[in-house]
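What follows is a set of structures to go through.
Next come two complexes built around chain A: one with chain B, the other with chain C.
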Partner chain A sequence: MTLTAKALDERVGCLPPSAVPNEPPRRAGGGTNRRRWWLLACVAAVVASALPVVLDDHPVIRVDGLRQLVEFFAAAVAPRVDGGFLALVGASAMTTLAYAVLGTAVSLVIGVVGGVLTSQVWWRADAPARRTRDVVGWSLARVALVVPRGIHEVIWGLGLLIVLGRSPVVAVLAIGIPFGAVTAKVFSELLDEADRAPHDALLAAGARRSSAVLYGLVPSALGDLLSYAFYRLECAIRSATILGLVGTGGLGTELLDSFRALVYHEMWTLLYALILLSALADGWSSLVRTRLSGSRSRRRGSVDGRDPVVAGSVLLAAALVVASVWWVRLDPSVLWSDRSARQASMLAGQVWPLVMVDGGLAELLRLAGVTLAMSVLAMAIAFAVAAVLAVPAAALPQLDRVTASRARRLPVLLAARLTMIVLRAVPPPVWALLALFAFYPGILPGAVALGIYTAGVLGRLMTEVVDNLEGRPLRALSALGASRRQLVWYGVLPAAAPRFAAYSLYRWEVTVRETVVVGVVGAGGLGVLLHHQLNSFHFAQAATIVLTIVLLTLGVDFVSAAVRRSIR
Partner chain B sequence: MAGDRVFELRRASVRLGGVDVLSDIDLEIEAGERVALIGPSGAGKTSLIRLLNGTVAATGGRVRALGCDYRVASTRKIRAARRRIGTVHQHFDLVAQLRAVHNVNAGRLGAWPFWKAALSLARPFEVASAEAALRRVGIGDKLRERTGDLSGGEQQRVAIARVLVQEPRVILADEPIASLDPARGREVVDLLFAISDETRTTLVASLHDLDIALGRFDRVVGLRSGRVVVDTSTADVRAADVAELFRTDRDGSS
Partner chain C sequence: MWRVARAILLSVVLVSTAACGAGAGGEPGGLRIGAIPDQDPQQLQRMYGVVSDYLHDRLGVQVEYVPVRDYAAAVAQFERGDLDLVFFGGLTGVQARKRVPGAAPVAQRDVDAQFRSVFVANPAAGVEPFTEVGDLARLKGHSFTFGSDTSTSGRLMPQYFLDRAGVSLDDFTGEPGYSGSHDATLKLVESGAYQVGVLSASVWEKRVQEGKVDPTTVREVFRTPTYHDYHWLARPDLDQRLGQGFTDLARDALLSCDGSDDREKQVLDLFAAGGFVAAAAEDYAQIEAVAGQLGLLR
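== the complex of A and B ==
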């Protein structure tokens, strides 16, 4: 089975440099032409998305808001640092970390079980009589994971809040369920890709299916799974913060409270804590993944239990899980309490049958169009910012001679990397609230907020692409005396551009899902309406919107996958 | 169960992707026999081995192994039969990431419930029998080594140790020595015969080495283009038959 480009992209970050998919050989002629058409289509999409903003005769920029923006950034140099507040920030940071850790742990459990159940190897008929059952089972398992994957953490959070009430379980499950569905997909592909021979040998010796998968396939997929889990932990910190904005507690909740009260210097303390937490998680995850890919290239795809960094990290993660349960006083009994059961049946009763939103299908489609346009603009912003940041942020380890110029460049490199960390550490709703200072509500502030945030994520992926480029062409250019700028234009960008495009297309789908998040603070599209409907307990209409978003996500996923296949 | 008959193939055929891999195989193997499968590359030796342990399904005809008809038997019956058939593979097919003890214990998976298999990965069960098996094949000191770190010869021994703890009634060996140098290959053959003697196990091995096939085994089955063209005791085998078996098209057809 060949991996879809999407799955590879979802696993980005867990791949060792050597396994970063190389482009297959170019098809002569046609490829260039096709790429030109797609480029044209992209430009057309961006222009079409920007057109309503440009043509609208309402003012776009709020001049009076700019002063607030200046005030906000001026407060950066004077964060609130008194002991009492710092203690609160520390405790909130712990809560956010705890949610992220527990959410990742839950997602791993769902991912491993779901991954086995959605793998082809598990359902491969070994007796002809079971073939039909196997095909049905595999299809059901796949379908069962599509919906949780298409729904954003925040929507899970809002739904679970209604059912379970205020409980740490809400945040943990809101992260764990959608992350688990994605992890399941990745794990199933890892299992299906792994060498089947040891597994088949076990089946041939009479082992049951479960034991054969456990002994024959899991060990070889475990290293990649571990890598992926650490990558997801890093993502979970961001999700846990965003969930805080809908009231599950932690840094996000505090951030929103300070924002509402317009106490900027408190916000900055919280933002610094968030950036620090994010940077630590990024650093930890990169360290573990580098070690794992290092051990993989040394010794054919193994988890090297003897690597002290990896072993220590796994132990530390396990300890963090235990500590997190204690810190948030996780009480899973709300899951089977009478109240939760009543709320769940109430919610189910009100969600079904679905009710069309006020304004009918036309309004729904218009809002879907706005959401789509917002995501396209966001991606245009993200792509531009990320590409500009990624090149200076790359260390270019391919040019292995340590030169004086590299040391001189270090400040630039660190500045670019820090910028990207800040961009992705600040949750999109906070960017949206800031954007609402500068712009009148509409599609633009949402697009700017999502674009800035996505630039941080995308920039990191792009930096990895540049650092993993084939070294020989670059060394050749460098040997003939090319300056760094020439190296970038002649060596780096041409080679990296297709992967840049592929990652951007992949993130486009994620961004469509995330439009909900900026909608929560009123930045336009389906998200705003969803938020209104939920606040006024119109659950049936809310469900219609969620379904629309899932369908929109699937559509974008389909288009983006088709384009990626076509430009490869 | 059909007496002492281990395998019984009636007009068994395997067609994969429009190619006849095996055609109309009629073959009976009795308990205690030592059978060498010979034939040129691509003749279908590996497919025949896989047909015998049920990892390839016959597209025509019938295959019975230890009284179990793979085509109609339930999954449970098939597993029960497979448990009694140990296979040694050319490329060992071990799990490189696991320690040797787990790869040996994997031979017991057919007899173990899932929970026991899972717990054993954390803290190995039945270490004594695994260690005894590894000692029997001459690498008792490698018990805790990571299997991927062992040499080719050592890995083949781990694979044989796995079959030992499986305690099968038949050992199938698919090119067991093709990945080894001649000296190590001979040692491995000696080992397989010694085990077959001690435990009165039927032995079926596909081999490229004609000296070993004709010198050590009781019976040879020669395959060519997916058909059995030679099936006789090694004492009666004629040089002309063997030459015909390995004739290439360049030798000029008669």
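== the complex of A and C ==
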């Protein structure tokens, strides 16, 4: 498999592409059968998760709460736009952007170092004459990256806030560490799949292992890493916003202030700023990534540094890093201050040994079940909404000749893309409160909130899937006179469905972690208990819950990888 | 590509070192005051701006107000030593004392000894107003939401009174909500998402005064007995850092703020108080006991 083919899968972005759903489909009868079983299992999981909602003795939707929903959305036409507030919003937007840029930069450093250290080629763990020491080293390095990845940015933020106090370093690391762990995984896979010839030649010529990897492998994987970094920038903006909800500053913090007092017209100004920021980041990253994959398919190998868009973007990104350091007054000295060391040892002392939650293992499992059910329902909603939005949002560049109809479709395309940006720009806790207006408290409002937020993220990935579909069958259908609807039903959906499913399964893992940020919905689950324990400084129990979420995430990842293998 | 990468690395390193140099000034020599985010941050900024000026004049040291966005974060920063003097809520103050041995309550407002919570209900829930704590049992079988889970008036004391009336959290329909703020509680009860909720009496009264409460959608059903709430808490190393007897000076400065000039009037107005009175750890014994019972103290 080539790097270019791989590039699409990295776009999964906010989650590690642990398996590559890009191999030619297997036609064996056993595969189809297994696929049916998995489909059945998925349906069963969704039904089981929805059961408590349906069995409740009240109707699903609350009509009298719709007034509050109308009130919220009515404020969209009258955001607060006085000069003073706009200045505040502008400054907060810069802060959010600065955190996102710096967090991404840190994640790249962690990603490159961690990626090399977790690659098979570094440990020579796949070499025929591998040594046990190397296999153990490789496995340990992999495991070391699982934990930072399994912990939500908000939890990182809360922990770092205790250790480092009020410092911009908190937000930067809370984004940089988990993102870095994911980037490391992606980068290690890129390294392992890169062309080994230069590396082997250097080794044969007597170069040391580090030089061989650094000069023989890293350059050829850098282009894909760059592409991935630009993709992650938009994710980082969303993470910086959600982190703001724990008080690190920026748009999220301002949003929290207006959200607590429920000043809707202020919330809308902030949401517009977020939507604008996301849209800009999205546009920039698509531009760079299109150029990168274009230049790579023309000339195999490393990035074409002479492409003016790519070179300019890299320079702009560098300038942004420098400007961000200045803007947030990043002072890393807090990392090695005595006070931080004291707090870190205090926290470590109170986290370990772990303490089982009140109610014991049975209660922990019950809560994990609630969290799991919420995530399953959320993914079902996200899948449906995203699939419905992705088809009109796709530009279908494969059909080059039908330009006239594309111009006609442009408003629909833009509307669908804008909808997806809005869905993912509004932080899940805000969706949660809105969902509470429309539904009865329980897992349903939580699932709806996470589901429509995730739909925004998934929709973007699904749109790219549709735009990257093999063009020949579509052109053939079109040449046979198929209408657009027939094209979608018989050309696009059958080809895209397995990848839609694969991306949704990927994203499931992230959604499990994200259940911790929709505590307001009164659904219980691990997230609510985690907040209680953190707020009562019971770090040993909080750590038990975090560990449970990490294990749950791993389990989900395992199941989803199995399903993905079978639907390939 | 490599040239660009090198240029990036170089500039990042340069700027970071510059930033380190600027930040390595050591501990600031001033007094850092803070508060839990129990109301509109702009209002807090106004309140503590005035108080900072007042304390600066009285104590002769730099006074900085450090805004905090989260209850637990206020406690954590006090513990870390980033905040010296904090106007805590009842529960957060008790939590902070537990985590920072030797921290002392310095003062409270005259009104802080008579705090109350108000239970509000959506009229459709059919809960009639009552006056006895024991009648809280009437709330059984309704859906219910607290405010922020470490709010004294929005969670801790309401749960204490519920407990006294023999109501456990399992007696409500579904799991109780934690709305996150007094205003969110009000809105959720108004919308009918939860049938009953509880919030600080002072916030409730303010919203009623402002005309923001529609009596057809939400009404008061019960007002709790009084309890102690907010208080100023000082770190034990305050004297060591800012001079022998500094804590006493700070206490005197607060206690002598009696509205005798315009600025003192302004301070008291912003704090909605007639004055500050001395506070002792015993005043919060009840809160401490309840918090311990609910597992909120570590």
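As a convention for this text, the second predicted complex is superposed on the first by the 519 of 568 C-alpha atoms of A that agree within 3 Å, B and C clash if a C-alpha of one lies under 4 Å from a C-alpha of the other, contacts with A are read in each partner's own complex, and residues count from 1 in each chain.
Going forward, a residue touches a chain if its C-beta (ideal position, glycine included) is under 8 Å from a C-beta of that chain, and two chains touch if they have at least 3 such contacts.
These figures come from a predicted structure and were not determined experimentally.
When the two complexes are overlaid on their common chain A, residue A:Arg260 makes contact with chain C while staying clear of chain B. Looking at the shared chain after the overlay, A:Leu202 reaches chain B, while chain C stays out of its contact range.
Of the two partners chain B and chain C, more residues of chain A are touched by C. After overlaying the two complexes on the shared chain, residue contacts for A:Leu222 are found with chain B and with chain C alike. By the touch criterion defined above, A:Pro59 lies against neither chain B nor chain C after alignment on the C-alpha atoms of chain A. In the superposition on chain A, contact of A:Leu214 is made with chain B only, not with chain C.
By the touch criterion stated above, A:Ala311 is placed in contact with chain C alone, chain B being left untouched.
By the document's definition of touching, neither partner reaches A:Gly84: not chain B, not chain C. Touching of chain A by both chain B and chain C, each in its own complex, is seen for residues 219, 222, 302-303. Against chain A, in their complex, chain C makes its touches with residues 1-4, 7-8, 11-12, 15-16, 19-20, 22-24, 37, 40-41, 66, 68-73, 75-77, 79-82, 95, 99, 124, 143, 145, 149-150, 174-181, 183-184, 187-188, 190-194, 294-298. Contact residues on chain B toward chain A in their complex (touch as defined above): 50, 53-55, 57, 71, 73-75, 78-87, 89, 91, 93-98, 102, 106-107, 109-112, 114, 117-118, 121, 146, 148-149, 162-163, 166, 168. Of all the residues in chain A, the ones that touch chain C in their complex are 62, 64-65, 67-68, 105, 158, 161-162, 165-166, 219, 222, 246-247, 253, 256-257, 259-262, 302-303, 305, 311, 314-315, 317-318, 321-322, 325-326, 329-334, 339, 343, 350, 358, 433, 436-437, 440-442, 519-524, 528, 531-532, 534-539. Touching chain B in their complex are the following residues of chain A: 126-130, 197-198, 200-208, 210-212, 214-216, 219-220, 222-223, 299-303.
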